[in-house]
């Protein structure tokens, strides 16, 4: 196989074939989970709101004080586009790309011996892509997800602010296991320390009552790029959006609920902790947003997800 | 260079030369910081309290629900000893080893294309060693550390329990940057959400008043192997140890303070937030513990640290 | 006395004379306080906003997971109207009715012996009415209530959400005793765990500053039917309403304060913890709301309350 | 049927046949859940630690300020013994009794019309018995219970102190539903607002590590009569008991865990949130306590439970 | 020196020369810090928004229950103007006045012996002025302040509400010392117990993103007179202001940040915890507000500050 | 009047007659409440545990970072003794002295004009004495105090640690007013933010159950000198003392409760929030402590208090 035929990955100093893209066991990303990240998807193989993702990546990097970055925002966008240009043709027809950025502070030299143990840390920068398995999200575009709140609470901002898109997410791993004990297909809806709804482990959450969309406050959620898109689309449709602290009662007695997230933009939530939301099916506001969003991206989002082929073998 | 002349690393399926020990960019350890870990050191090139570290590793693994582990405790000990046996002779004379264990849930297959994208997750298991740079800890064995409390608070146990030895530690990275803004040589002493003293980003913290050792409660600290050793040594010396919630006032007005941690066992803390602890020099209880500890391990711990050669080049 | 001459009560399976309407000592309502409830009043013997109350009852029932309910919303409304129709003529002239709904999960069969101890729980459903003793509320329509904050705090939503109208209110009983130690005529104004104003033990609380009405957020208050009515009436009068976290300082330095509640719609609060609110008399915004509300219900609310006859005997 | 052949119930003014023991819909116990309570069991039809239960009942009554009680402690004990004397012979051979006490502030007279609406509240006092269905607890004496922590948190003492044995327990009802969504046979283990382990909805919880029993602090648990018995028995066996804040990590990595409660004294907890405690079977400390307890009460507690006949029909 | 040539101070019973204006060591202001206060400045030697300050002083006094005040609002204004009239001519040309009000409950008579030890407390009322050292604030009008968050948290409103302008500020003294350990020129930006931004020890804090001004909520900040002025000026300029809970992430990733306070109205904040805000220089919204404010007060605020002469000698 | 006939006060630079001991309106003690303090009493005109008080004063001063102190501990003791020697003879026969120390950071020079406005801050140090009005404490030595918990909560240690003896106590002033609304003779018992009992506004609080003394933890109370004395005396009497988090339930259902404080050493608490503690009279443990304490100090403490003459005139 030639490099042309293999996906490429950008790794700190330049592009390498994916099979050579590894992370050192001394990297702060693996040693401390000290990593900021982004995930962008393509529509028709063009990156969607890439600039928003790159801007947030730099905000996260700054806030987390991960070091000095050689690459500027413009170059990051150009490198990303170059990677997509190379990798997209390697995927099957109709397959969209997930494009990942992540940055760590670099190597902990005290884990290395000899000459390698000396010198300053310089950030590890990585861009890579993968074929989006849209089939994993069918539930959200069909009958709707079941959201389950685990006993584990979200990390509060004075410990680690969720507005940072970071990868120290062991608490999400554990929370997911707890939620899946209720329903293996559950999405995990985390409460904060005061019992307010925050976000799922992967998406922003909103609900609808009397035609108005309610979002948790920005106190302990990611300022999602898809969330922002949803709010813009809602504004375009003349739908009021109110940001306030929401509790499970609000969600369970709402008319509708949904999540927004990069891979599939928007998915209905039709059950929470075993109780139906509204009549237990995706609601009209969700449908309006989905339709307008499909229009914005030039792709029928639901169709694309529902028609994505099932995979062979067991997926964990 | 032959394998004999290169350090080896245990990586999931067996030993590999260190230069081939890499982590996939799709590993949950890098993608989510979903990693449990241990760090054991050698004294005279024999691992110290290795079994305690391995036991805790399995407790962390269980609690974090990282999957099914093929390797049992006994085998883990044996593999570790084998690795030390191979790697120790490769280090310079008199150099001790740090031995790291870490386990992640394995690969997130949705980040991989093609056939690799199918199948269950199986844990990534890694054991590796490195030469302990004891010179980094001189301050703790000489004039004593300066502990600084940053504005960032420690993550509470209902979000992610610090009794788990985990690697989702971006909050520690940030807290360290905040503390080093006060003193570049500071050790970072984290408070919990109620303002109680927890631990430093790397060690357990204790204080001494009227000959009694006070430790924070086990609510939000690591149950350190060195902490346990210190408590045993204190018991052997007839020193009372009391576990209770401690606040900065207790530490700042204490007679002595110290930290316990794997790389250098025990280090004095002689300043906190710019104020001297006691008379600002290492105190008698610290000295007694250090002496007894040196005896237990058959190494003069202070001498070993203070005589360790300075390195060339800049260390970050 | 014939059934015609005695009040009737709806109790799970049908109407019974009030004298036969009892609750089993094994009912979950008495054993666990596991009860959701509503209180509707009549104006001119027609139920006021009955549908709002019934809708909330079903939301509470759903959230509390009290079981499967045979009766639908429409039937619940019809049963209620039938009860009023029967009971209203039995009260003295000019007396309005309080109409209570409550539902429990039914009998805890393990408290019963023999055959009764076997079988599933089926909800206990009760509707009953009583003559509204409007004289109890004179203070609120005349010189204004004295609100007192007890040391007991309101239960937070992650323990039991006050948006649920439930009957596990022992904490209110105790809080009332504490407040009445300051002033036997006090209404009890509860703070939440963060010191925000929530509600009284029986009414929603609002304040007025510079012509704007401020309400606590919906985080830890009942979404009162009278509160909603007040907000609609305020909107009709062109009065701005702002929802935000309020503290005692806001209330004590406000221009006006008032409560809204089913039995008397709205009552002035003119003292808080011994300090006058504004000039210590009911204010102009309160008066406007009271006038508009009286118009909406076709009854002079203040007059009806103030002219209600005093009762004989001691009331506790 | 003669009174002799029907169970009797003590209800405020005297004994009545069980079939006539009802609670008014205006009773504060049903209207506000303003009820303090006790549950005592018999061993060989003699009440076990009845005086401890009665003492706590009076402490709860005092703290909750439910009114003035005519009956003194001695009389309460005597009434209880008289009730057992009458009711015990009515149960099948070998069946033990659960004896319930509860007290409420009495009738809310504003819910009553006419003359009944006037007068002071006087407490409702009830004592009743039922045959203990020991078969419901088999799991705890055989393979051990599965404890599950729901997202709902326990009510903190500054809202309503769990040291009070009260009946405003709707939050427990909801928490039980959440836990049973994980495992229909789960016992519900509640965390407090800081994530500490409190108690189950019905029992005290303790764990064992290295031969030492650890109990949550008395901050937010019931001071259980069975807990006290367990601590006394442990003392008698020379087992150390430590009271401290415990988190899920402590429980999940413990050697053993168990609950103590009136109906069956002590039951093993062998799984928590799906993870085995120790080796997943009842442990040696549990067995020692159970044996000593059986000796104290003169009944083989496990045998009595395991041999209790299964019931016919569905139990919910 | 004649009285004419010395500043006067109003002290409880009348004006006295400044050299005779002392506080008793038994005054509740010194014994308990039980003091409410205000600071007004002049522009061109006329007091700015004096009435707003006096109104707040009376609100603070009322809330703090400091006693009975003989002097009414009108008289307080008149006394203040009289004091300015007398004291202003005594300052150098071009120097503006800071005018301080403070009130305490008066003398703790138990600290006094003999006849003085008997009688009721009567409030100590003080008005005094001083020449504003505008040079101290240059940084805020030039390159911008560096705001640093200390580990100490602001006192929450259920302990002592910051909406009260009070003088029990030892926590600010300590927090200032902590912040100055990072940067001796730092302004101290306090977080609340939940990690929200509150205010600096002396000013309100706001930030700007996408042309919108964001202010912390009024939950735990002073309702600053300058803050109110800023909001009015922003409204006049058509700038939207949003009040919401803000965290450090919001501030560090904002386009601009600034503080508002009596001595210099508004100052840019261009660094927070060592990180630049926006491009690290005062931003356009700040400049617009400064210009409009200068217009409102008829003084070029920046020029007045920057041209104020440096002082001789060391200032602490 | 000669100096001999007037009390003297130590004020920063030396002794002055009491009539000349004033605090500047620019002193940080009055401007910010930035003051640490002590209160020592005499027994038979000899200071009691003076060294303990002076040691704590220096700990408070250090923690609060009030500056550089010229006077050392020994000199402080000597100055205090000298002051007592001078002042004691000036009081009536049999009158004991309260001796107060307080230290502030000194003058805020920006509040001063001209030359005084330049220079570093130097601490204000004050020692003064007053005749102890023991009659104010009769209740505690006779029928016992009534402790009342106000809605205001104590300031938590991460804002301002109560282990510091400081004077920023406006929250205590307000809390006292709230408690006195329940009972004008109440002592104010503050809860912390989690609802634990802390201390009264002036004394440490303890309770007794089954012969064991329980004290709140040192988390948020003053480490009282009298508390320490009480613990020593209890130890001498063979009474066990347990330190743990206590809630109102513990206090209200205790056998006894009492406070310890400098002016009268120990006082019974026989009512809490209107409910009797134990039988509502001072209990046997209190009596034992009082007797032993009287012996230690060589004075019958109760007699001294109860026989102290009532004062003429109104005391506030």
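Chains: A, B, C, D, E and F, in written order; residue numbering restarts at 1 for each.
Just so it is clear, contacts are C-beta pairs under 8 Å (C-beta built on N, C-alpha and C of every residue); 3 or more make two chains touch, one makes a residue touch a chain.
Owing to the predicted nature of the structure, the values given are computational and were not obtained by experimental measurement.
K.L.:
Could you give the fewest steps needed to travel from subunit A to subunit E through chains in contact?
P.N.:
1
K.L.:
Out of curiosity, which chains are bumping into both subunit C and subunit F?
P.N.:
Neighbours common to subunit C and subunit F are D, E.
K.L.:
Which chain's centre, taken as the mean of its Cα atoms, is farthest from the centre of subunit E?
P.N.:
Most remote chain from subunit E, centroid-wise, comes out as D.
K.L.:
Quick one: which of B-D, C-D or C-F reuses the A-E interface, over half of the residue-numbered contact pairs in common?
P.N.:
Comparing each option in B-D, C-D or C-F with A-E, the repeat is B-D.
K.L.:
Do the two copies subunit E and subunit F share over half of their interface residue numbers, or under half; same or different?
P.N.:
Counting which numbers both chains contribute, over half are shared, so the two copies meet through the same residues.
K.L.:
Of all chains present, which has the mean Cα position farthest from that of subunit B?
P.N.:
The chain lying farthest from subunit B is C.
K.L.:
Report, in whole Å, the distance between the mean C-alpha point of subunit A and the mean C-alpha point of subunit B.
P.N.:
The separation of the two C-alpha centroids amounts to 32 Å.
K.L.:
How many angstrom between the C-alpha centroids of subunit E and subunit D?
P.N.:
Spacing between the chain centres: roughly 57 Å.
K.L.:
How many Å are there between the centre of subunit B and the centre of subunit E, using C-alpha atoms for each centre?
P.N.:
From the centre of subunit B to the centre of subunit E is 46 Å.
K.L.:
Take the average of all CA coordinates in subunit B, do the same for subunit F, and state the distance between these two points in whole angstrom.
P.N.:
Each chain reduced to its C-alpha mean, subunit B and subunit F end up 44 Å apart.
K.L.:
Got the subunit F residues that touch at least 2 other chains?
P.N.:
Subunit F, residues with two or more chain partners: 63, 65, 151, 153, 156, 158-159, 164, 191, 193-195, 248.
K.L.:
Touching pairs of chains, which are they?
P.N.:
After working through each pair, the chains in contact turn out to be A-B, A-C, A-D, A-E, B-D, B-E, B-F, C-D, C-E, C-F, D-F, E-F.
K.L.:
Which residues of subunit F touch subunit B in their complex?
P.N.:
59, 62-63, 65, 156-159, 161, 163-164, 194, 217-219, 243
K.L.:
Can you list the subunit C residues touching subunit E in their complex?
P.N.:
Going through subunit C, the ones touching subunit E are 191, 194-196, 244-245, 247-250, 252-253, 275.
K.L.:
Taking the complex as given, what residues does subunit E use to touch subunit B?
P.N.:
149-151, 153, 178, 181-182, 191, 193, 195, 248, 273-274
K.L.:
Considering only the defined contacts, which subunit D positions touch subunit C in the complex?
P.N.:
Against subunit C, the touching part of subunit D is residues 7, 9, 21-25, 27-35, 63-66, 91, 98, 100, 102, 105, 109-113, 117-121, 126, 128, 130-131, 133, 136, 151-156, 158-160, 164, 166-174, 177, 193, 311-316.
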